[in-house]
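Several structures are given next for inspection.
Consider the two complexes below, in which chain A is the common component and chain B and chain C are the respective partners.
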Partner chain A sequence: MAATSKSERAYIQSALHASPPLRADGRSLQDFRNVLLETGVSPLANGSARLNIGKNPEEGGGGTEVLAATKLEVEDIETGDGVEGGRLICTVTCSPAAYPQLSMNALDDLQYDYTTVLHQILSHPSLHPKNLGIIPRRKSWLLNLDLVILSDAGNTYDAMFLAARAALWDTKVPITRAVQYQARTVGETLRAVEESMDVEGVSPSGFDTRQIPVAADFELPDYWDEGEPLEGRDLWPVCITLNVHEAVHFLDATLSEEASVPSQFLVAFSFPPSSPSRVQAIRTIGSGELQPSHIQTLVQEAEKYARQLHTALNAKLRDEDIRRHQKAKVKFANR
Partner chain B sequence: MSSRVEILNDGGYRSDGRKQYELRDIVIDLSQRGTADGSASITHGLTEVLVEVFGPREAKVRAQTMHDRALINVEVNIVPFSTGERRKRSRGDKRILELGSTIKSTFEPVVQTSLYPRSEIDIFVHVLQQDGGLLQASINASTLALISAGIPLHDFVCAVTGGVHSTAPMLDLTTLEENDIPHVTVAVMPKTKKVTLVTMETRLHVDRFGDIFKLACEAGQVIHKEMKRAVSERTQKLVTAMEMGPRVVPSADVGDRDAMIDDLNDY
Partner chain C sequence: MITFSSFPAPPQDNYTFGVQQSPGLDNDVEMDLNLDDDEFESSGRRLTYPGEAITSSQAFMRGHGTYVDHEEVIASVSGTVERVNKLISVRAIRTRYNPEVGDLIVGRITEVQPRRWKVDANSRQDAVLMLSSVNLPGGVQRRKLESDELQMRTFFEEGDLLVAEVQAFFADGAMSLHTRSLKYGKLRNGQLVTVPPALIRRLKSHFLTLPCGVDLILGLNGYIWISKHVKQSEQEGEEGFDAEAVYSNRNDEIDDATRSAVSRVSNIIRVLATHFVPLTDSILLNAYEWAVEQEGDVKDLLQEDIVRCVLLCNNDNSVYEV
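Let's turn to the complex of A and B:
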């Protein structure tokens, strides 16, 4: 979204076609900037993460910073908007501090675009987690995934999907237990008399299938327990944006690089643990044209990059899990 | 969970273990963020607010500028996951607009706007976590962000909330306390002891108001000390970094070299 002049664009483009290809900060075409990730930043949320791509080291500012958090709400299926098995809604908010030159209307438009892309890709039925139902046909969870873009230095789509994946990985769904309410029968005081008279009363046996108990509500067996991890957290997609200029493509563009490239190619991959990788979504952004054969090669290249990103992200998420669940005594000993 | 939580128990302790006049933990972070000219994040206990300041710069809407002063524009963004219950507030929400205009009118007399005619100073407030004292934290963070941006101010603005529980005054309230007792937010300029904001939305007895107002002004002084310390530490770090920064010493004769290094030390 940076304002670039024609000569600046031509300069960046010709540098990309040089051999070896040159970029302003000295990276190679496939190099990502430093990615900083922290999970559990918002204790009130069910899962949260803060991600920064390209922050200047040594306490500098800058970089693309995205804050993501998930919150679970109970929804009624019969009377409310609930859906059997739960549902997921993604929302993206752009902070005006990230786009200081945009008016409020332009900011709203940008927000809406990002929200649409994220929601359509992440709420797809193939990624739907299976533990979002509470009581069949009565109550389910609504998972709200909120992302806030705090600053933008290019490559926002990759940052948003990484932050969303980290927040979803970190999400804990509270364990619920269905309860059934049973009214006290009127004849309770006469029970002693009835038993001796061998009158047929309400059978208390659980094997009695004439009256199948129907759960009406649920409770949390342990109030303080955060819950179980969201099911299917290995499936959440990793997105790679390929910036394409003629035959050259590169990753992790800065703002001026994004403005100099006519077309961007977004591919979201999901890597199920024991199946081949899946393409979750493909989007073309920008005014450039892409040949179908070129698109094929781009998708294959993107798969390789996405796999590397996926492995790195998983390793970092596991590290974060260990860091946050380190026992207090170990922390104290290592202080 | 079913027993009612006491606001102030017989031992003089509040629901979160503080004494009556005790303020919550303050954590101030003045490190640079994004492309903002100045940014500051302040945490009062569990309330966390991040403010980024841009300006003075050319206004986005030329028609709103003033010929003799800078325009102060405040935008508040409360993230949906800041409270226990998720609430998505649109940008045009009345509460948010009110919060923004309150912050703006607090800083109008403090920022030396007459130095920057026809320009705009943007203050972007991000509320990341809420546990009471939202206006207080926003004002404190905005002061620090304006200082971090190098915008001239007449003085700091330090804000604090105060409330009265039957006859006992209390300072720096959490959400639990704000929902229960009448409370007032006071913003003071510590050096001149002038008050730039007093706001109250609940009903408080006139006799109690005098006490809590005086207390809140004193508490403002305490917060000023903390803020001043944070700003001094930050400035000290920056000065040290400037002094130790990379120097280019061009190859010169040994005689000349000493003079070069002496010049650099003076700088």
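Let's turn to the complex of A and C:
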């Protein structure tokens, strides 16, 4: 938390109640700072994204910067930690450079807080991607989602969820094909025979392998960085933080604004296609109190903001997909 | 409400290594030929890039911001070359604040210690403000009492912003501040903007008043305080030195016009700072007048095309010459 003096806090608070409300950099209450997003920043990850809120394009630094990356790992269900259908683990690391004022212990606490919120919300069963299993009762994918907060200029929760959503959107699960080991007839030594589990002539996919109970192991039919996107990637929630001061609330607070509001209200929304939006989680942060009736209106408002955020993010993610695939191909062809 | 954009593409890498002679080498030859010449001063300020060879290490000594390799003095930072007799040093452009006695700074209290406050002033070490170098309520000549030591937080507490002057240095290089003037003391009624310290020039006065009803304090450490204008006559007087007013945490009534002027000025300063334009009162004033003429919203100032115009409107007014 950035140190602020009482008079600075009072200045920010009274400006919120002015008409029209004005913030330090002239934004209105519902304005976000400029958000920069890039996916596929980490070549060794299965999906990755870099997100910055509030960076000035001319400057080297500034803004809240978050790096998110996913990595898939094979887990054994029988002998290891694996669970049927795979699992998701989120970890948040805060760079000490982002919080120079914090001691190592305080930094650990902060990381733990962020990790808990993110993990609880994203690993909820209602969001679980269906294609994380490899072989039923034997092998499954462990999806590690790691985030690093490289710098903090306020509104870290929204930034983390946006980056996490972008990285998960970008994640490719390698296609697997089950293999079976069969003993040959007498006279020959045991030899592994690959058997393509090709049902009805459709191309083999990891999904098909589940039907085959005898599969012992799996192989990757193509390169490890190819694959299909995580199933249900539209469902990943966006989080919106409402900074509440008395009757006024505003979005995308800077550090000094965060320090001058008594409570923050986090709502994570998931927008399933062709069905109404779903509240995934609600958290309150800070010492302030919120009345139940107030919370109701806040959730309604948050839904509106989250929808805008969701639409904008989806559009940007599609743009990124085009930039990285189609345009890259054209560029490569014209080189 | 929200717009997403892409990270700016990294600049095209056109560097060629090895083949080209580095631009510094010509100067070196010259310098070796006439060592007594004021090479650095005569040709104006010379800028370096990290790793640039400045001169021969046999004729010159290396100072701050340089190192010696293959008998050459090489800049380790990008900045301006400075020479004192045979000592070559490079003053970095992006750096923390290097204090000098008499500088006016804006700082923030980080710690309250026995008989002193620690002040963050964007320097390498926290500055020190002694209890004996602040004005206490009840007259300037009053003796410090034990009761004052016990209630130091009623004067300044953690997080408070203050304007002060650098008084002296301690043995370890930390600066000692004083606020023994009515112009100095706790700050209120406004907001803080931070810029690189290199952009603040030494002016006749660092207390500026813009005609839009905004007071500016340009701290030499790069902290700029922008606040509502307080009339000279209404400033806390020497006579009944009023602790309530001077050490108050309460803001005055601020009207909406002043608020938006404060925001507009701070956005202008941000814009100028990102483009590395040194700040003076005339530049700020020009930019402000231009911004008001455009009748745009305060937040529009941060948009890219507007930024260019803000810079251009100052071009005729000798931004680069001062």
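Keep in mind that, in the parts below, the second predicted complex is superposed on the first by the 298 of 335 C-alpha atoms of A that agree within 3 Å, B and C clash if a C-alpha of one lies under 4 Å from a C-alpha of the other, contacts with A are read in each partner's own complex, and residues count from 1 in each chain.
The rule we apply is simple: a contact is a pair of C-beta atoms (placed from the backbone, for glycine too) under 8 Å apart; a residue touches a chain by one contact, two chains touch by 3 or more.
Model, not experiment: these values are computed from the prediction.
> Please work out whether A:Leu150 is in contact with chain B alone, chain C alone, both, or neither, and reply first, second, both or neither.
first
> Examine A:Val299 and indicate which partner it touches, taking first as chain B and second as chain C; both and neither are also allowed.
Neither: A:Val299 stays clear of chain B and chain C.
> Looking at A:Met104, would you say it contacts chain B, chain C, both, or neither? Reply first, second, both or neither.
After superposing on A, A:Met104 lies in contact with chain B but is clear of chain C.
> Would you check which partner chain A:Thr93 touches, where first means chain B only, second means chain C only, and both and neither mean what they say?
first
> Which partner does A:Tyr11 reach: the first (chain B), the second (chain C), both, or neither?
After superposing on A, A:Tyr11 lies in contact with chain C but is clear of chain B.
> If you stack the two complexes on chain A, which partner ends up touching A:Val35: first (chain B), second (chain C), both, or neither?
A:Val35 contacts chain C only, not chain B.
> Between chain B and chain C, whom does A:Ser19 touch in the aligned arrangement: first, second, both, or neither?
A:Ser19: touches chain C, not chain B.
> Using the touch criterion from the header, give the chain among chain B and chain C with more contacted residues in chain A.
Residues of chain A touched, chain B against chain C: more for C.
> Touching chain B and also chain C: which chain A residues?
In chain A, positions 59 sit in both the chain B and chain C interfaces.
> Name, in rising order, each residue of chain C that touches chain A in their complex.
1-8, 108, 110, 120, 158-161, 186-192, 248-251, 254, 256, 259-260, 263-264, 266-267, 270, 274-275, 297-302, 304, 307
> Which bits of chain A are touching chain B when the two form their complex?
Contacts found on chain A: 42-45, 48, 59-63, 65, 67, 69-71, 73, 91, 93, 95-98, 100-101, 103-104, 108, 144, 146, 148, 150-153, 223.
> Residues of chain B touching chain A in their complex?
1, 31-36, 39, 50, 52, 54, 60-61, 75, 77, 79-84, 86, 88, 91, 122, 124, 126, 128-129
> Give every residue of chain A touching chain C within the complex, in rising order.
Touch list, chain A to chain C: 3-8, 10-12, 14-15, 18-20, 22-28, 30-32, 34-38, 50, 52, 56-59, 251, 305, 308-309, 312-313, 315-316, 323.
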